[in-house]
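Given below, in the form of structure tokens, are the structures.
After this come two complexes, each holding chain A, first together with chain B and then together with chain C.
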Partner chain A sequence: MKPGKTLTFVLMDAPFESARTATALRVIDASIRRGFNVNVFAYEGAVLLPFRHQQPHPNAVHGRDVGEEDHPLPREWIAGLIAMAAGQGVDFHWINCGLCVDERGASDAIDGVERGTPADLWKMASASDNTLVVPTA
Partner chain B sequence: MKELLIVETRDAADHADPARMADLAAGVARAGVPATIFLTDNGAFNCRRDSLERAMAAGVQVHVDRFALGERGIGEATVPEAVALAGIELVVDRLADGACVMWR
Partner chain C sequence: MKHLNIVSSGYRATIEEQDDTVVWISHAMRNAGAAIDLLLCGAAVNYPVRGQRVDPVTFGGRPQKHGPDVHAQITGFVGSASKVYALREDLDQRGIDHCSLIPEVDLIGRDELPKLLCAYDQVWHW
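Take a look at the complex of A and B:
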């Protein structure tokens, strides 16, 4: 870990289901901007947040094509966090729970996402200045 | 516990628990531990709840997420004076300061 404080976040909700995921990603974004090292442990449905095959779609009801709809994708937000952390010179680790990945066939994640176990969460939390669990609603 | 921060994301009109969390924060504050409630997501609808007024009377600080207000079309001018406007950075800063943060 690089010098400075380290925060660990634990995410549980699947993509496209809860506002709390977007809000948690805002907290993570703000943590990186503050210059903190960040760990994320994603488990249960949250392992699909960085799933590589998420695709934007048009909105026929509103008559918008894919570009006009500009549908947000969590995998792009996470890629942005990884890039921003690199630019800020802070450590950023996103670890997907391997058990949860296998259950969901979610192994094809974007570059930069690691596979781990609940033991990694314990190690990260033990080594962090603080840990925030964002449970499912 | 050095400090308690409760991140409240739920509308008290839909859930009974935000009132219980406000009572918890009030009890912690009465015990001498600084306690704060940060309203975000649909929790932003709770600004005028009686339970929050009781908590604030016990010494709990209440902040509401400007972003969540804007998303829901809630005018900042309608937020009670005792409720402070804040950004999501409040959560980060409290975490970094070692507060116990509960996300509800």
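Take a look at the complex of A and C:
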């Protein structure tokens, strides 16, 4: 881990289901911008947040084609966080719970996403200044 | 580092997961060396009640042979290495007789929570 303070986040919600995820990603974004090293442990449905095969779609109700709609994709947001952390010179680790990945067939994640276990979460939390769990309600 | 996990969403996806996933990850982290206790509140205060059982479920022709056993998860977790607390008011709100709980679980009142939480380096509310 690079010098400086480190925060660990645990996310649980599957994509496109809860406002909690966008809020958590905002907090993670702000943490990186302020120079914190950040760990994310994606548990349960959250392992699908960086799933490589998420695709944008057009929206007939909005009257927009796929390009105009520019539909948000969590995998792109996470890729953005990974790139921003590299640019900021802080450490950023996104670890997907391996068993959660297996039961969901979610192994095809974007580049930079790691696979781990609860033991990895424990190590990250132990080495962090604080940890925030954002659970599924 | 001493750590408390608060479980407040009882029986969340237990049929699919075959476990309460927070109790499970607590157990897994303890196996990795964590000093970790549990506080059960909300519907999760039912976990230590003796005599509960979930029958196997069948969808179409696909039987699921095992039902989740959150009670066994708690009895397997509690012991010399870890404490399990249950929130007294949440038990009373649900009419759960305190005598129906396994004796290893400690009951705690809401007014005692600040003192309990201050005893931990990290508190994670799931």
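The definition used in the following text is that the second predicted complex is superposed on the first by the 137 of 137 C-alpha atoms of A that agree within 3 Å, B and C clash if a C-alpha of one lies under 4 Å from a C-alpha of the other, contacts with A are read in each partner's own complex, and residues count from 1 in each chain.
Everything below uses one rule, namely that a residue touches a chain if its C-beta (ideal position, glycine included) is under 8 Å from a C-beta of that chain, and two chains touch if they have at least 3 such contacts.
Note that the structure is predicted; figures quoted are calculated from it, not measured.
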| item | value |
| --- | --- |
| Fit-or-clash call for chain B and chain C when the two complexes are aligned on chain A | fit |
| Which superposed partner A:30 touches (first chain B, second chain C, both, neither) | first |
| Partner chain in contact with A:118 - chain B first, chain C second, else both or neither | second |
| Partner chain(s) touched by A:94 [first = chain B, second = chain C, both, neither] | neither |
| Which of chain B and chain C A:43 touches, first, second, both or neither | second |
| Chain B versus chain C as contact partner of A:129, first or second or both or neither | first |
| Partner chain in contact with A:137 - chain B first, chain C second, else both or neither | both |
| Overlay on shared chain A, then closest C-alpha pair between chain B and chain C (Å) | 5 |
| Set of chain A residues, in rising order, touched by both chain B and chain C | 130, 133, 135, 137 |
| Of all residues in chain A, those that touch chain B in their complex | 5, 7, 19-20, 23-24, 26-27, 30-31, 34, 36, 129-130, 132-135, 137 |
| List of chain C residues in touch with chain A within their complex | 1, 3, 9, 12-13, 21-22, 25, 28-29, 31-34, 122, 124-126 |
| Complex contact set, residues of chain B against chain A | 9-10, 40-42, 65, 67-68, 87-89, 91-93, 95-96, 98-99, 101, 103 |
| Of all residues in chain A, those that touch chain C in their complex | 10, 12, 43-44, 117-119, 121-123, 125-126, 130-131, 133, 135-137 |
